[in-house]
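To keep things simple, chains are lettered A, B, C and D as they appear, and every chain counts its residues starting from 1.
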Amino acid sequence: MRIAAGVDVGSTQTKAVIMSDNGGVKIAARALVDTGANVQRAAERAFDACCREAGVHGGDVAFVVGTGYGRYKIAFGNAQMTEITCHAKGAAFLCPGTRTVIDMGGQDSKAISVGPNGEVVDFVMNDKCAAGTGRFLSNSAEVMGISLDEVGPLSLKAQHPVKIATVCTVFVESDILSYLAQGKTGEDILGGVHNAIAKRTLSLARRLNIEPEITMTGGVARNIGMVRALEAVIGRKMLVSPDAQFIGAVGAALFALEKLDQSFESGIWRGEHAVPGGH
Amino acid sequence: MNDKKEYRGSIHQQQKDLMLAWYDQLDQAATTGNPPTVSMMISGNCVELLEGFEAVPIYPEVNALQLAIRHQSLDPILAAEELGYAADNCAYVKADIGCILKKITPTGGKLPTPTLILCNFVGCNTYLKWFEHLAKLQQAPLYVIDVPFMRADEPSRSDIEYVVKQLQETVNKLEQLTGRKFDYDRFRQAVACSSRTEELWSQIKHLARRSPSPFDAYFDAITLMGPLYVYRARPEGVEFFEAALAELQAKADARKGVYEQEQFRLVMEGPPPYPYFRTFRDMFAKWQACAVASTYSTVGGLWEFGFRHDPSNPFESVAMHMIAQNVTNRNFLQRYEQIRRYVEEWNADGVIIHFVKSCRLFSAGQGDMREYFTKQLGVPTLYIESDLEDPRYFAEAQTKNRIDAFFEALEHSKAAASIRS
Amino acid sequence: MPFLAGIDCGTSFTKAVVLSEDHGQPRVVGKGRTRSGVRVDEAASAALAQALEHAGLDRRQVEYVATTGFGRYSVSFRDIQVTEITSAARGAHFAIPQTSAILDIGGQCTRAIGITDTGRVKVFKSNDKCAAGSGMFIQRAAKYLEVRLEDVGELSLRATHPQPISSVCAVLAESDIINHVSAGITVQDILRGIHESLADRAGALLKRVEMKSELTLIGGVARQAGIARALEDRLKIKVNIPEDCDFICALGAALLGLQRLTANDQSRKRL
Amino acid sequence: MVFERTFDNCSALRFPSVQEWKQAHPGRKVIAYFPVYAPVELIHAAGMLPVGLSGAGDRLDIQHADARFGSFICSIVKTTLEMGLAGHLEPFDGFLFSTICDSARNLCFVMKRNFPQMYVDFLHLPHNPSSSAAAQFLAEEYRRILTELERLGGKVSDDALRRSIALYNRNRALIRELYQLRSRSPQQVPTSELYQLIRVGNFLPVEGHTAQLEAALVDFQSRNGKLRDSIRIVVEGSFCEQPPLPLIRLVEDAGCYIVDDDFMIGQSWFESDVPIEGYPLLALAKSYLDRSVYSSVRHDFRKPRWDGLVDKVRRNRADAVLFLIAKFCEPAYFDYVPYKQELERAGIPHLQLEFEEKSFTFDRLRTEIETFVESLVFD
């Protein structure tokens, strides 16, 4: 049985996944830690936690692929790949039939057209001034003094969602304050925020040919309000895996497994960018 | 490591020498008032006309980009913003204005107050503002050559007559200002020189159709562009491009490319991020991705499709060049077509669209361009954003991430294709 | 001797100042502060009540109420309202007479105000389109780097090789920071870099308002993050932080109220 | 007032008033234009309805256009394309763009690609009026466009052109008169009303609009409001994308009388009547060169725009200038600098604000406008 791992070092959280291939490929263990200021440490912590969870020694893990912004800091990584490539791969595995991936990260939002084998056909990412959709939500939560987990459910209670014009994560705050001053309810404001993000994300995804199945990945996928808002504007249901926030790491781990599989001939492994710590 | 590899040929040294010689002339003009100097825009410049007065061109854009490449653009930009220029004004303009305010020059030498500020308006409305403001700031005479935009496939008779008329009016203006008589024969010889330089330049560009390409038609082309705009109409220009062609021809014949193994062939759209020029190039070098064509290298003139200045009809051919044969005065759809030809005839794997916030002429609507190439033509296309002069708009992490992802996908599809065949 | 109130209805806190005037000398006799919440009117009354209690006065003794800040229009018992910019200028001028410019680094908005020697607003400029250089920037950084906002200043002073932050965007800057962190650059050096780029951006705004001599710094974030020092080294100017800085706007409003009140009295006398 | 209803009706998406006109005039064509220096006379003379496009305000969510025009591009360019992609521009048979700015010009050709079945044209207005060839060139450019229009709507006689010029002369003369009345007694002519009155001219047939102007002139003259203790300001910078109506109201409520402005400049861009003698197209061309009002998108290095602004302030005895600049409007950003320099030389106070046609909250702007007024009123 072959064991490989994927580590996704994101701007806020670091996720690790160990996958095994014993006739069938499956997730053996997952771990999630806050990234914090020491990226390298975070990667190690996540990986170690994951090994404990899986009951294996780091040494047993034959190959590790790193992804996410901090991917090049993973000292023990055998190769690095962008989270775009990994999200596509992971989504295709966790949600078979995926043709479009929508991800709202802390820094970037992305939409990916995925091929039948989980390869990236085309992808688009947010414009400069629309960076940080994830932040957009957490800022709103902060301004209104509620926890990030409450945001989604509350937004679903909106009666007359407010209109938000700005796409700037920072300036949304002043819009929200104005609405609070006007005595608008938290539900309506959050409803407005969710609609704004949903529409913006749709117009991002429209730059691709949006084809079903559409899978939402990343931590924001756990926000039921966001999922509903997005489904409403797209006009169809989306797939959301319970492992949504691990999808990048899963994709990375899948590539690691493929690497072990000698029959695999993808060009991905050519070029010096795929040697340890290569940069 | 691959990503530190960079093309270096003897012509790079020659280029430096030529450009320094040019700055020396400007310095001399600043001290002695001779030769007369004329500020012009790179795009669709009529440097040939200046030769008729033995006048030397000043290109504010060249000054601006020199500064940016040397990581010195931010201070003058801030100086201009203190005057009230907005964060969203073209940073070329701000850098240039800032330099005049702070008396900064790219070489440290002096720059003259131009004898004439000649705005060759070729599509870029910012040029008009820029030169109006320069004239106000420097108290120098201003003349605008209004070049009708390419709203049809070919310029109309009246378009050409209008520009020719203005060229003649420019001649009168310069005769007044310089006290010199316009030397028509010199002008005609200059036009002849240009047509030879253009032929050589065009042949160089066509070398990039070879695989591997002997030079990078974006990053290396930029080195060759300086002499093209300053010396095109002079014997020095012809000599330089003869040398350049010989060197690159030899390289091509030896099947030597920019990289040991040319992995990807790209068409580049939009100006480069000069403040991060090297960083940006490395992001492509890492993937051994070579630009085989670029729209930016046709800003000053579009010659690879056959246009040449014509000594038998100098005024009209200068007019034609200004109206129809530079990318800035050609309409957006004509640019789509230009890129499409590059992809097919230069046999490229994909298109990189670099949106620069400074330049709306280049960038406004590039999303539609992406739409056209990905959805209508199925050409892999990457869209990234930064700026050509303002270091504050380059987000290194994002840019690198997107470029890596683009090549990962491209590599995958190439590998898949090779398995299929 | 009349009593006046100035109430600053800010987005998070409502502050009240009670002012008295003896022999033409305005004097602060009471201060109050409460969370703004959603009902501005109630918060205003509460803050005022506190200030009165502190001054040992009775509501009826207050002759004139001037409001300022975000909720200035929502206070039913006001006599006049002025913007927080006008009141800040007046308040800062009163607290630190040699002030020639005021810098307010708030959550999203950084604002520079140039004032005359009478404390009138001469010119002001805010980053009203892009949040670049706003306090949010430093808050996020502190959060990400896992340091308390109040420790940021202290830490940044221990920098040895400050790291410039290239991106102007408060959101994108985060990935710059992540890069620096990934590149193993110390927290001190990163924080100092942030301070310097913040100071430079503030400097650019200040140049737009023709700052002459001394600067007065107000606004929460900047103060907590100890950016004053960075401003002093970077801009080579004296930076003042008025004591109980939070009340500057309320004070300014009260002073402007006093000006109106005396003006009205005179016109009444004339009749 | 009556025109407020018309305003809402006209500014509704899908252009109901235009649809009505088409039903009433079967077979006749409608041509839309960016409302800056557009030769509406040509369109009118061709028996068509010229309609000025001024964005979609806050009535439309951008869901396609920002994929085509990314960050750092102004709203009106995006909303115009969005209206097209969302099917709201169906009533139109063609679009006429002109040399306004680089974004608007590129929009012209993006429209061409996305709406191949429509007539989309680009008018090159000369930037070198000093050239002896400029008038001739522009006349021929007008001729070229007229020929295109004739292809759609049939032959156009010189007399038809003269009739159209006369009609628009009358319309513009009335607007000039209304502006003079407002400058004389601003309490009688609130800008928020005048603005709507003039803006509906974007959509209505000129004949009908002229009637409305005449009626309004009488109505305004008959009013007598008390002159408030407000400052007199000139608004500069809104020549293309228009500020939201609530913002104009806000400026007035903050204690400003707007005594002159460059709103809807396309409706009033000649300082005096276009001659109806001689070759009409040449008359129009010469009028553009010598008779049109200055703005940041019209270039004539013989007479600087900044002098135009200072004159405007003096002519209207204004206390200050308010720059209302559309976010990402580069021509306005550029001109702000020389304007600022000349105003400061002349000792005229000014404030610069940015707006987007689509905004829902105005607290930030309100604070800055009020501060500006306070800084002029309190000493």
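Definition applied: contacts are C-beta pairs under 8 Å (C-beta built on N, C-alpha and C of every residue); 3 or more make two chains touch, one makes a residue touch a chain.
Here the structure is a predicted model, which means the values were calculated and not measured.
Q: Which neighbours does chain B have in common with chain C?
A: A, D
Q: What pair of chains has the most C-beta pairs in contact?
A: B-D
Q: Between chain B and chain D, what is the gap in Å from one C-alpha centre to the other?
A: 35
Q: Just the number, please: Cα centre separation of chain A and chain D in whole Å.
A: Spacing between the chain centres: roughly 46 Å.
Q: Roughly how far is chain A from chain B, centre to centre by C-alpha average, rounded to an integer in Å?
A: Each chain reduced to its C-alpha mean, chain A and chain B end up 40 Å apart.
Q: Find every residue in chain D that makes contact with two or more other chains and list them.
A: 66-67, 70-72, 363-364
Q: If I count partner chains per residue in chain A, which residues reach a count of at least 2?
A: Residues 69, 107, 127-129, 131, 174, 177, 181, 207 of chain A touch two or more partner chains.
Q: Can you list the chain B residues in contact with two or more other chains?
A: Touching at least two other chains: 84, 357, 367, 371, 383, 385, 393, 395, 397-398.
Q: Line, ring, star, complete or other: which one describes how these chains touch?
A: Graph shape here is complete: every pair of chains touches.
Q: Where on chain D does chain B make contact in their complex?
A: 66-73, 77, 99, 101-103, 105-110, 112-114, 121-122, 124, 126-128, 130-134, 136-137, 140-141, 144, 297, 299, 301, 304, 328, 330-331, 333-338, 340-341, 352
Q: Write out the stretch or stretches of chain A touching chain C in their complex.
A: 11-12, 36-40, 69-70, 72-73, 106-107, 128-129, 131-132, 135, 168-171, 173-174, 177, 180-181, 183
Q: What does chain B use to touch chain C in their complex?
A: By the definition above, chain B touches chain C via 78, 81-82, 84, 87, 391-398.
Q: Sort out for me which residues of chain D touch chain A in the complex.
A: 58, 61-64, 66-67, 70-72, 356, 358-361, 363-364
Q: Within the complex, which stretch of chain A touches chain D?
A: 127-130, 162-165, 174-175, 177-179, 181, 199, 202-204, 206-207
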